[in-house]
Amino acid sequence: MVSSVLAVAAKDATQELRRRVATLAVLFFAATALALISYAIGPFGLPEDDRPPLQAALFWIILFFAAATGLPRAFVQEEETGTLLALRKTLPGSVVFAGKALFNFALFLAIAAVVVPGFLLLLDWKIASWGLLAASVLAGGYGLSVVSTFLSALTARASQKNVLFVLVAFPLVLPLLVTAIAATLEAARGGEAWMPLRVLIAYDGAASGAAYLLAETAWED
Amino acid sequence: MVSSPDAVPTTTTLSAENLDKRFSGPPLFSGLSFSASRGLLAVSGRNGSGKTTLLKILAGLVRPSSGRVTLSRGGAALTPREQRLAVGWAGPDLAFYGELTGEENLRFFRKANRLVAESGEIRNRLRDAGLSDDAIGRRVEEYSTGMVQRLRIAFARLFDPGILMLDEPTAGLDAEGREMVRRVIEESRRESTVVVASNDERDFVDPDQRIALGGR
Amino acid sequence: MKALKLLLLPYVAAVVAAAFLWPAPAKGFIGESSRIVFFHVPCAWTSSLAFLVAAGASFAYLRSRNPWHDEIACAAVRTGLVFGILTLITGSLFAKIMWGSWWNWDPRESSYLLLVFLYAAYLFLRSAIADPERRARIAAVYALFAVVLMPFLVFVAPRITASLHPQTVINPQGKILMDTPTRAVFFGALAGFSGVFLWMLSLDARAARLARSRGVREG
């Protein structure tokens, strides 16, 4: 099972490396958003105390919208190029879903790898605990990847895909984002982040389980 | 014929019971039943008569509105994975990954199923479908229609299926290509079931069974 | 069943009248505003119930592939949306009276807002898929996926930040802190609203079934 999942993720990665459609779109979005925010508020545009909550919130807002730009490509591209049929013929839904979620998680981490330095440089972000920051990015990003990949499977064949994706994702992803923001805030302030991290892990587990079980039904026909 | 250590010796039986398929409106076909374990099954009918849909239903890609498709081997039903691998299918809307080469495409499908995906063997399969060594190493986005069709045939046979389904197998092929398809059908029908759907009667050489669709 | 339906209207009328006339206003609330609990809480309750009904019907649909189950799921979401909006409106009125502003981003309020968004997302998803079988299947999968993530929405978000919301009826001590008249009207209202919900649900589902048999697309 693991090797099958890795094979699917590797295939997506190979395609992406040769084509670079999603990575460019996503990085361009993240860079633009960073530039805009930096220009608008800059490192000193806000009073000292207000900064940490706002920075934590902006951090995850950028990550979410960057993800919404690039992650749905997982299934949408298969649908548009007509390759979904070959996949459905040869592989079970759960394997394809897991492989694509894995690839999307890697893509998410690539986005984070750009946004974190961006925040440090452009917004003078101060982080007390790097370990907590890493944990919140990993746990939050994983959940976001799983939910985005699953919802992209659902919306791949619908009309108005882009708008539809954000609308159906928003109610499900909001608790994740709120919790991730709380965890990131504590990481910045050096506070106690165990409670939000625990919630994130629980969310990740629930989402993974549900997605895995429903994957086959999601992509019939 | 390409042999493979993964080929299963016993024959696979395909049976359909009371298949019915409708979209909105009158049914495409109804009460369709048959069974096959060896030989050539010809599916004929005008454009739009449901040949492609029927093959997709038999291949497990589309759900019938009612009725059942069963695959069995030695009397026992097959697991979902066995079913996927026991039925090879190729049709006009089968597409491949443009950024990958022909060889990489097939290698992916085998690896993802945890099967041996040795380069030499895959290249042999592609050569058997009439693709040149140069084509095998080129990205599919550079393939001509004929080359894609040959890749489709190679894909359908990738897991040495007990049931081979070919929908319009000679579409877009030159005389050499059509000859290759004829050979594939003749070789396969001896040991397994070959279901061929086509508008072209020349694709059906002495069929063992025939389903004629489109009696509306 | 028909007798129950006929009784529903006078029953609800009686409950509404009682809500305004019988119990005295509760302490700690401004003026008569505590009476809102007879309307606001049952709306919140039925709109959450709707979600469970939708999830159950979705599960049933995926097993049976019977369109009727899908119609029930869709009707539950639509009716749940109506009650969800009513929850938000009654809650907002109460907030205005008690705390002077229409909306406070109180976590409990916000989680109902999200529930309403979820219902709207479900309906939007349905409207974006043309093929009826695929629409039913995708909507059912979405509903089931959402129900797994629901606890995080409803229970977690309110915990992360402190809440302005009055203490809930079911509280940590496990006792129901209401006097007898209040309790009677409250549970009466709960039953009445649930009845209205089920009645609206069945109307909507049957209308959808009728539309399907006539070949009209759901609207």
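Going in written order, the chains are labelled A, B and C, and every chain counts its residues from 1.
The rule is simple: a contact is a pair of C-beta atoms (placed from the backbone, for glycine too) under 8 Å apart; a residue touches a chain by one contact, two chains touch by 3 or more.
Remember, predicted model here, so these are calculated numbers, not experimental data.
Chemist: Which one of the chains is farthest from subunit C, going by Cα centres?
Modeler: That would be chain B.
Chemist: Name the two chains that are joined by the greatest number of C-beta pairs in contact.
Modeler: Of all chain pairs, the one joined by the most C-beta contacts is A-C.
Chemist: Using CA atom means as chain centres, which chain is nearest the centre of all the protein shown?
Modeler: A
Chemist: Per the centroid of Cα atoms for each chain, what is the distance between subunit A and subunit C, given in Å?
Modeler: Spacing between the chain centres: roughly 31 Å.
Chemist: Measure off the straight-line distance from the CA centroid of subunit B to the CA centroid of subunit C, and report it in whole Å.
Modeler: Result: the chain centres lie 50 Å from each other.
Chemist: What is the distance in Å between the mean C-alpha positions of subunit A and subunit B?
Modeler: Their C-alpha centroids are separated by 38 Å.
Chemist: Out of subunit C, which residues touch more than one other chain, so two or more?
Modeler: Touching at least two other chains: 133.
Chemist: Multi-chain contacts in subunit B: which residues touch at least two other chains?
Modeler: Subunit B, residues with two or more chain partners: 63.
Chemist: Please set out, as single numbers or ranges, the residues of subunit A touching at least two other chains.
Modeler: Residues 220-221.
Chemist: Quick one: which bits of subunit C touch subunit A in the complex? Just the residue numbers, please.
Modeler: 62, 114-115, 117-118, 120-122, 124-125, 128-130, 133-134, 137-138, 140-142, 144-146, 148-149, 151-153, 156-157, 160
Chemist: Note which residues of subunit A are touching subunit C in the complex, please.
Modeler: Interface residues on the subunit A side: 147, 150-151, 154-155, 157-160, 164, 167-168, 170-172, 174-176, 178-179, 182, 195-196, 199, 202-203, 206-207, 209-211, 214, 217-218, 220-221.
Chemist: So in the complex, which bits of subunit A are touching subunit B?
Modeler: 3-4, 7-8, 11, 14-15, 18-19, 81-83, 85-86, 88-92, 95, 99, 220-221
Chemist: Under the definition above, what is the set of subunit B residues touching subunit A in their complex?
Modeler: Going by the criterion above, the answer is residues 59-63, 80-81, 84-85, 89, 91, 93-100, 104, 108-109, 111-114, 155, 159.
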